[in-house]
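One chain, chain A, appears in both complexes that follow, with chain B as partner in the first and chain C in the second.
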Partner chain A sequence: MRFLLRTLSLSYVRRHLAKTILTLLGVVVGVATFSSIESAKETLVKGIRSTVDRVAGKAQLQITMEGGVPEGVQEQIRALPGIRATSPVIEQIVTPEKGELGSLMVIGIDLLGDREMRDYGFEGDDADLDDPLLFLAQPDSAIFTRQFSEKAGLKSGGSIALKVPKGVKKVTARGVLTPKGFAEAFGGNLMVVDVYAAQDLFGRGRRFDRIDVRLDEGTSIAQGTSVLEKALGPAYRVETPGKRGEQIEKIVANFVAGFNVSSGFALAIGIFLIFNAFNVAVNRRRRDIGTLRALGATPRQVQLLFLAEALVIGLAGGLLGTLAGTTFSQAFLKMMGQTSETLYGVTSSGVVRLPPVVVLQSMLLGIVASLIGAWGPALTASRISPTEAFAKGAFQARPPGNPAMRIIAGVATLGSAVLMAIKPPFGGNPFIFAELLLGGAGIMLLVGPLARLLLICLVPLVTRCAPVAGRLAGDTLLGNARRTSGTIMAMALSLTFVLGLGGYMGSTKKALERWMNDSLTCDLFVRASANFNRPDFLFPGGLRDELLQLPGVKSVESFRATRPLYQGHQIQVTSIEIAPLLERMKYDFTQGSVETMRRGLTMEGKCAVSDNFSRRFKLRVGQSVELATPEGKVSFQIAAVMRDYGSDQGTVLLDRSQFLRYWQDDRVDIYDVSVLPGTPVGQVRDLIRVMLSGRYPALVSTRQEFIAEISKAIDAFYALTRVTLFLALLVAFLGIVTALLISVAERTREIGILKALGALPAQLARGIVQEALLLALVGLVLALPAGNLFASFMEGPLAELFTGWIMPHLYPWDILVQLLVALPLISALAAWIPARQAGRMKIVEAIEYE
Partner chain B sequence: MLKLHDVTKTYAGKSEVNALAGINISIGAGEMVAVMGPSGSGKSTLLNLLGGLDVPTSGQVVVAGTDLAGENEKERSLFRRSKISYIFQAYHLMPTLKVSQNVALPLHLAGMATGEIDRKVARALKDVGLEARGNHLPDELSGGERQRVAIARALVTDAPLLLADEPTGNLDSARGAEILELLTAINRERGTTIVIVTHDHNAASACARLIKLRDGRVEGDSGVAGGGA
Partner chain C sequence: MFFIRIVRHLWFHLALVFLLSIICTALSWASPDARAFLKESEQRHRTRTQQYAGELTVVNKDGKVRKKGWKSFREGYAGDARNLIRFVDPPEVKGVGFLSLAKPGGQNPDQWLYLPSMKRERRIAAQDRDSSFVGTDFSYEDMEEFDHEKYKVALQGEQTFESFPCYVIEAVPLEKKGKSVYGKLILYLRKDNLYLLREDLYRKGEKEPGKRMILSDLQQIGGHWVARKMEMTDLKKGSKTTVLLKEIVFDKPQPVSRFTLQNLNREGGE
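Moving on to the complex of A and B:
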């Protein structure tokens, strides 16, 4: 086998280098997408976990509560049995004014009491902070790691400007940490400040983010947890740092898991490119195969030869793809990091390191994809009899398999996929896998015969428009059913992906826009934090009265959102003054009505839930949601279910009075301000700005600005998905180029005869362009229903599985129009090189070719 | 060596074609036989059946004691590897392999050790007078030389049966005569059974026996009593 690979296969590669490189590129793009996304994901998740572990120091338990842990809790637990030390912590990610330094994690700790919890390896002239009191006396004091100090050129006593909620603030370096243990957290981009200074800096009020706890020797984790849970009640979470890290890791890993679909698609398209290339290789080398068989090669030896070639391509593609992936992964990490920071308030900083397991997975993926692509053609090769191989044109003339059987099998398979999507027999990943498998198999079975039927219908039309070129293109495509169906398969798959994912993105965005238009109906939004999902500053509750005093203000509602865990999911609990809200808002109710909601929430202490919450947790109107509050566990009966896109895990909406009663926390995320009719909105905005200036960080946006900002955040969320859409189109383009190059090479003799009969290079070129256009057109026509099905699957069952939402289905007309403009251009571009090749062919050589 | 008993071969299609219609032929070990006939008489089909490249619709094709009609694809491949060698009109050399690599190909397929292969290839090339052309590509050779490479490839396995399909069809008369001389020498010196399918009367006259085919039937066999040559 080695001899055959070294001689026959290598020489084929040498003779068809361009086509081999294009085939290889299909694998490279697929693997690169996978490896870059996977390594960025691994780095992000591991970085977050490592930061949680390192920052935890010697803490064995951590106490957290949604909305923050009140200061008094530290006193409350200090004297409990088994507790050795407690230390409050505030964590916040900020950006230095010099953006190139990267995000900086600020840890607020009690420097006087924290030595029990963390080892501070101070170094340099201040081998220790000689006088911690002096440090604390100066509120701008900060300690940096040596790594960050060097990067920022920061010396002891030097200052650096940071963007914090209250604006840009300068802090002064008054200590340097050795990059070891704790100081290595967040890739060393760490700053330590006094916890009380951090409270002020980040609007935490009189609360901490958490309290770290170290237990007495002899007290087990279980004992410590039990003592603390008993003392604090159900609103508090008492966890080991490891468990907390796992929880954060799980949430972020779920978010990034969606990107696996993109790399899966890129690889699937790559498989079809390989299939096509090998199909053609088998066709072109059939005489060699015949000779080998006549010399005694067994069918298995022939099959193994092609599979060995696929293995080499898979290995090379896997290796190159992994290497190419490393160059994209840093950019992917940045995009994922920004989104995870926006969505979950956690991120990781650092350089992507390619984990060995990702290298192994990528290589395996490349090899498996290549072997799957080559399997069919290799099998066909092994079945070629020597007599058939030596008969000229026998292989090309071989009719495709029974189309009726394929269509029946395809319809049955695709039908099962649709039925399963309507009524899923099981859930989770097995359901997605089974759906993609059945749907993919159905499309694969149908594309070949349907493409042929379409071509039979289209060729006469094209021939009428361009008699010579159209006839040439049509004959070529119909004359080689296998190659045509392989190319159209790759094309249709790429376009299905583009239309499906693009359609899903479009309908999601449109649904969100409609919801925003219906629900964000006040005139001004006053908020302290730019981050919608994890506000880093909260307003005091008393500010509402001050806002109401301003001239021109009609009403003000106080919106507050917390994100507690509910049955292992990070849901959103929101509260607002319901009565005035319902006056201006148009909710789309799936259960209950505006009346049941008004009465239930304002008078009966009930709650309303979003449709995705209702679906995810199978709760309906009349049933109850049990929430953990500082007052203990409280059940809220559901008064209404409405469409709401506030949280992908589900939202519970309460009247503000209920929130104040049970959570005893009057802080506010956003004040919704409505102005009196006839009052200019800009005028009220200016008044609010003046009132808050110097007191609180304040972003005052008009309704249009607020909606535009949220839309921008949604666009940022889909940025990575758009990159994968581009990659899918790139692979489709490679598919057309490969197919046309192959087509020209295969028809060398035919082109030679045509030229001998007087065909002009321009006529041949037009034929090849027509061929490319027909391939693209048939691919697109087949992708229209397939993409629609894929989009419906993503908007329906898949979205429901991950978010509980069912997105309304809207056909992606905008993408279709873009494709209708772009595809002919891309196809003509792809036809350019093959057309030139055909035009330059020498007649005598071409006629001799076989 | 070869025995065909009531062999028929029908090609199915829009209209059925009876390529061979009940053929009975027996060829002994060491014979050199020519098969002649007009186009469509069944010559190539006969050669394909003798070489195990194809199977009959009915009847028996016994080669060296093995009924090829009863063997599966793999068994026939392994049988071919050890018992049968081929020479084609179009040479069927691998254009990208050097002459020595082309000759070595069947031995590599059989999994022979490299040292043994080198030795056998050198001997086969010497036998056909091409020892100096081992490192050339087929394109760099004349037609006669290419056919010699094909003969060397046939000789290298020491197969007892050599089937030749129009071995002089692509050559001028001088080169054709050389090839026929070479084949006669192989038959004489090695005792290899040779069956040549040909249109060339010179090739036929180089053989001790002539079988004539017409419309899928044996029209004449000079080796059988009553057969006309």
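Moving on to the complex of A and C:
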């Protein structure tokens, strides 16, 4: 085998270096996409987990509660049996004014007693803060890690400007931490402040984000948890730092899991490229195969030869793809980090270090993809008889299998995928896997025969427009059914992915925009936090009265959102003054009505839930939602179910009076301000800004601005998906280039004869461009229904499974128009190199070819 | 004969008992009770109130110096002491306050630190008693008044310290109602006036003292002995904190509200 690889395979590679490189490139792009996404994902998730662990220090348990843990809890638990030490913590991510320094994690701790919990490796000769009293007495005091201090050029006593909720604030460095243990959290971009200063800085009132607990020796985690849970009640979560890390990891994992689909698609398209390249290689080397078979090589040996070649390509492609992936992964991590911070309020900072598991997975994927791609052609090669091998043209002209059988099988599998999507027999990941498998198999089976059918219809039309070039292109495509179907398959798959994912993105955005237009109806939004999902700051409840006093203000509603766990899912519990809200808001009810909601929430202490909450937890009007509150578990009967896109895990809406009663927390996320008719909105906004200036964050947005900001956040969510769409198109482009290069190489003799008969290089080039255009057009026509089906699947069963939402389907016309403009250009570009190659061919050499 | 033998035997026992009682009495005269010394010391030096202006100097092992000024007010003594400290200098720390209120029955005192920038007090928890008091070599536990009733005491002998003959007393925390960070204290009590001159502080499980407090520059003010210099050395870190006591006044009536949380939280409240 080694001899055959050295002589036959290597000489083929030498003769067709460009094609081999393109085949390799298919694997490289697929593996690079997978490896970069996976490395960035692993680094992000690992970074989050590591930050949680490092910040936790020696804490064995952590107490949290939605909305924050009241200060009094610390006193309440200090004397409990088995508790050695407790320490309050506030965590917040801020951005330095110099954005290039990256996000900074602020940890507020009680420096008086926190050394029981965390080891502070202070730098300096006395291994302590320069002046602890000064640190405590001055609220602008901060400790930085050496890593960050060096990056920011900070020395002890020096100051740095940070963007905090109240505006830009200068903090003074009064200590430096050595980069070990705790100081390595968040990639070293860490700032430690006094927890009480953090309360004021981030509007936590008299609450902490959590209380870290260290247990006495001899007290087990289970005992400690039980004692604390008993003392605190159901509203509090008592978890080990590891469990908390897992919980955060789970939230982010849902987001990053989406990228697995993208990398899977990139790899699937890569497989088609390999399939195509090997298919052609088998065709071109049929004489070699015939000779081998005539000399006594068994079919198995021939098959093994091709598979060995695939293995080499897989190994090389896997290695190069992994290396290429590392260069992109840092950019991916940055995008993922920003999006996860916007969406979930959690992120990590750090440098991507290629995890060994990802290297192994990427290499394996490269090899497996190559072997899968080469399996079919290798099998075909092994079945070539010596007589057939030496009969020129017989193999090329052979149609690929029985088209009728393929069509029947394709329709059957695709049909069962559609039926299964309409009425899923089972749920979860098995359902998604089965759907993708059946749908993908159906499309693959149908693409070949349908592509041929379309080409038969299109070629006469094209020939009528361009008699010479059109006929040349048509003959080439129809003459080599296998190569054409492989290229179109890769093309159709890429475009299905683009249309499907793009369509899903468009439908989701449109649905959210409609919902925003209906629900965000007040004139001004006075926000405490720039982040939509992480309360960086909360307004005091009393601010509403002050806002109402301002001239021109008609009404003010206080919106508050908390994110507790409900049956293991992080749902959203929101509260607002319902009666005035219903006066101005247009809810789209799926159960109940405005009247049942008004009466239920304001008079009967009931709740309203979002449609995705109702669907996810199978709860209807009349049934109850049991929520853990600081007062214990409270059941709220459902008065109405309405369409709401506030949380992908579901929303429970309460009247503010109920929230104040059970949660005893009057702080507010957003004040919805409506102005009196005729009063300029800008004027009221200026008044609010003046009122808040220097006291609270002054994030006042008009309705249009607020909607635009949310839309920006949605765009950020899809930014990475867009990158993967681009990669899919890149792979499709590579597919066309490969197919055309192969086509030109195969037709060397034919091109030589055409040139000898007087064909001009421009005519030949036009023929190749038309070939590319036809490939793209057929791919697009086939991708239109397939993409639509894929989009429907994502908007319906898939979205319902993960979020409970069913997005209304909208055809992605905008993407289609973009493709109709971009594809001819891309195809023409892809045809440029092969066309140039054909034009430069010397007649004598071409005729002598083969 | 038998009777004589019984009488002889009885006399022998009586003589033995008498001899033993003489030895015991002599021994007790020769080795006075440590508790009695400490009680006597407390009785002699107890004042109703005390106030002074303190100059605090912290010198780290490399000679870096940090200086602060405070005013201290105390009412009661030892087990019933109430103490308020208010920092007055430098301006960046002015107004920072510390309140310590002794609790009965051997419990640890309640302690709070007030930070004017936060406009609120924060309670010092039991777990924080070992923490440094605002960056000095004193811990929050060291800021308590020494109360011998919270310790099991034993006289270890006599020794001369700084040319003064002293009683050396070992004090082991009883920890009946409040834990201590120390395993034991060795006290040097000046023999002539029973004033504490030195205290070696041993952390739990340690054989060598971790810290040493030396009181010097003894003077009589208003009829009371007082050390005008207090020096706490961290023997491990090599740092030293010195407090110089000035403007010392004893037994001046203190307002009832001085030793309250409300007063602590009053910025500049003395």
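Worth pointing out:
In this section, the second predicted complex is superposed on the first by the 846 of 850 C-alpha atoms of A that agree within 3 Å, B and C clash if a C-alpha of one lies under 4 Å from a C-alpha of the other, contacts with A are read in each partner's own complex, and residues count from 1 in each chain.
Methods note: contacts are C-beta pairs under 8 Å (C-beta built on N, C-alpha and C of every residue); 3 or more make two chains touch, one makes a residue touch a chain.
On a predicted model such as this, the values are computed, not experimentally measured, just so you know.
Of the two partner chains placed by the overlay, only chain C lies in contact with A:Glu116; chain B stays clear of it.
In the superposition on chain A, contact of A:Cys457 is made with neither chain B nor chain C.
Contacts of A:Thr291 after superposition: chain B is touched, whereas chain C is not reached. In the superposition on chain A, A:Val690 contacts neither chain B nor chain C.
Once the two complexes are laid over each other on the shared chain, residue contacts for A:Leu676 go to neither chain B nor chain C. In the superposition on chain A, contact is made by A:Pro299 with chain B only, not with chain C. Once chain A of one complex is fitted onto chain A of the other, the partner contacts of A:Leu136 are limited to chain C, with no touch recorded for chain B.
Contacts of A:Ala197 after superposition on the shared chain: chain C is touched, whereas chain B is not. In the superposition on the C-alpha atoms of chain A, no part of chain A is touched by chain B in one complex and by chain C in the other.
Those residues of chain A that touch chain B in the shared complex are 3-4, 7-8, 11-12, 14-15, 287-288, 290-301, 385-387, 390.
Touching chain C in their complex are the following residues of chain A: 74-75, 78, 84-86, 110, 112-113, 115-116, 125-129, 131-134, 136-139, 196-197, 200. Residues of chain C touching chain A in their complex: 60-62, 64, 66, 68, 87, 92-93, 95-96, 113, 115-118, 120, 122-128, 131-132, 134-135, 237, 239. Residues of chain B touching chain A in their complex: 48, 51, 53-54, 73-74, 77-78, 80-82, 86, 88, 92-94, 96-97, 101, 104-106, 108-110, 153, 157.
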